[in-house]
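Below are two complexes that have chain A in common, paired first with chain B and then with chain C.
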Partner chain A sequence: MSGARVSIIEGASRRAIEATLVEGITRKHLHDVEMKWKPWRSQRLKELGDAITEESSHWDWEAKVDVIEGLVSYAAFVLECGGDAQGIMILNTGFKFCRIQSQDKMPLVYVEFLETAPWNRKQLVTPRRYCRVGPALIDVAIQVSEQVGYQGRLGLHSLPQSDGWYRDICGMTDLGIDRDKGLRYFEMTIEQAAAYLKEGR
Partner chain B sequence: MSRKTMTLNLTDAEMEVLEKLCARKGVNKTSLLRQALRLYQTVDTRIQRGDKLIFENELTKEKAEVVVL
Partner chain C sequence: MSFSINIPASRILDSSHDDHEFDVAAGNPQFLGEVRDKIRGRALGILFQYLRRDRAMTIEQLAEQIGIAQEEIWALERDPHFHPKPRTIQRLAAYFELSEQKLSELADLKPASSLEVQAAAVRFAMDTSKAIDLHADERNALNQFVKHLCQ
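And now, the complex of A and B:
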């Protein structure tokens, strides 16, 4: 899967362009997050005043990479375009199980973390530098689920700002607030995964 | 990512367990054994780090430590 060409949309021109999917998070990617994503976001949030907050802004990707280093349960992916990381995702393929009754206790791929570069976020800027980065990463997560034999089943806890996106754009089932995490839990069934891939969101 | 093939010898009892788990989890044998390996490595890594493996009953909230050799 690494090195695959993935179609995303250039925000200004609305033209389809190709990004590159990379398996594994490198020092260069972490550098992009620290030295490009974070300063850009800080500056943009200052410009926007108190109107907007970014719930994922505290995420420490370097610490996350250290935790999963060498563990085959985890898979990490980066979508690169224009020389920069445009989106990052960590998946857990080892020990998470479904909660929807129709697939209760079946294994799934759990999306531990997914974040797109701040200049690709609709709530921060119009037009975005690139669109469809998040959907492309969900597409990858479904493909990983299929590759490990879980038939596209996915699960994740969403930050409140992304609840609507997972429910309405990704078509995942909202199972409500998980009291253990204080976040909404979403799950994608085999059928929802097939529909997602077919519709090419 | 390249893959390697291996032959695995199981007892009848182990094969029966494997087949039952595959049926219950809706995955094939390769998928289930790969998942088991991922889980084992994670548990082993956490225990090497000094963590404990604990099961909690969803209803009663009763907790039991799992001793991993």
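And now, the complex of A and C:
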């Protein structure tokens, strides 16, 4: 699959705009992250002073992409719009299992990383360039889970600024702080996945 | 693997899952270590699966020969996250005439003395498939890796 059309929202005008979902992270995407995302974020953080800390600012996407190359249990997706990468996600489709008791030890798709471009982040800028990039990528993760036979089951470790979205808006189950990783762990059941996909219809 | 993704416009545009209030991000702080462990575990599993098949043995026969539970050999061959016991590695090393030190490093039972074995393991894991019969290229990959583990 490459080039699926996905509608997102332009932040300033609140108009719907068409983005492209690409499977796989290319050199161009890594270039966007290094040469566009990082300088933009650095500049913005300077302007904001000490008010904001960005958990993902040290993420090395190139190292992540290098290490999963050739491994069939990983899938990566990029949402492109306006010629730039607007959001990136890496999924793990093998050997990760549920922790919620009702689906204990059932396989799930684990969201290894999900990051949106800094100009699409609520905590860095208003209005954002594009909205709903993250929710669209979660939709993709659920569909991948369905297609590998996991019926929509998802797991992920949330960055602190996203805890409220996963818990209160996305409807995932909050299993509290995972001491090994220092982040909150969230899981999506089959029913929660079905509800997520049904919501906007 | 290629996926067929279809997101109707209404599902994003009319969704109640608005990200107006929050950013949406997720991350695994231990990602690189976990993937490297997985590659190492996969290399170890494929190695023993190939060596066993090369001798035309079943898991049951190998388990009986070296006095290890069948379940442990099955897990070692198939689960990249499985951590074998030191005794299992000792017996497998002795049976297949491999370096116990290097196998222990590969199984994360001893600290790595050099990057050589790890690098060979990554190459091996990448070059091999899960085919039932050993093809020429698989046999070649196996021989190269075994050479590293015998030195």
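The rule is short, and it goes like this: the second predicted complex is superposed on the first by the 198 of 201 C-alpha atoms of A that agree within 3 Å, B and C clash if a C-alpha of one lies under 4 Å from a C-alpha of the other, contacts with A are read in each partner's own complex, and residues count from 1 in each chain.
In the analysis below, a residue touches a chain if its C-beta (ideal position, glycine included) is under 8 Å from a C-beta of that chain, and two chains touch if they have at least 3 such contacts.
Small disclaimer: the values here were computed from a predicted structure and weren't measured.
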**OP:** Look at where chain B and chain C land on chain A after superposing the complexes, then choose clash or fit.
**Re:** clash
Subject >> If touched residues of chain A are counted for chain B and for chain C, the larger one >> reply: C
**OP:** Please work out whether A:Gly149 is in contact with chain B alone, chain C alone, both, or neither, and reply first, second, both or neither.
**Re:** first
**OP:** For A:Glu80, select first, second, both or neither according to whether it touches chain B, chain C, the two together, or no partner.
**Re:** neither
Original post:
Who does A:Val72 touch here: chain B (first), chain C (second), both, or neither?
Top reply: both
**OP:** Mind working out whether A:Phe95 is in touch with chain B, chain C, both or neither, as first, second, both or neither?
**Re:** both
Original post:
Is A:Ile169 contacted by the first partner chain B, the second partner chain C, both or neither?
Top reply: second
Original post:
For A:Lys64, is the partner it touches chain B (first), chain C (second), both, or none of the two (neither)?
Top reply: second
**OP:** Return first, second, both or neither, reflecting whether A:Met106 touches chain B, chain C, both chains, or no partner chain.
**Re:** first
Original post:
Clash with chain B: which of chain C's stretches 40-48, 94-102 or 130-138?
Top reply: 40-48
Original post:
Same chain A residues contacting chain B and chain C, which ones?
Top reply: 1, 23, 70-72, 93, 95, 148
Subject >> chain A to chain C touching residues, read off their complex >> reply: 1, 4, 6-9, 16, 21, 23, 55-56, 59, 63-64, 67-68, 70-72, 75, 77, 93, 95, 110-116, 121-123, 131-140, 143-144, 147-148, 156-159, 161-162, 164-166, 169-170, 180-183, 196-197, 199-201
Original post:
Mind pulling up the chain B residues that touch chain A in the complex?
Top reply: 1, 24-28, 30-32, 34-35, 37-39, 41-42, 45
Subject >> Contacting residues of chain A [partner chain B, same complex] >> reply: 1-2, 23, 70-73, 93-95, 103, 105-107, 148-151
**OP:** Mind listing the chain C positions that touch chain A in their complex?
**Re:** 1-32, 35-36, 38-39, 79-81, 126
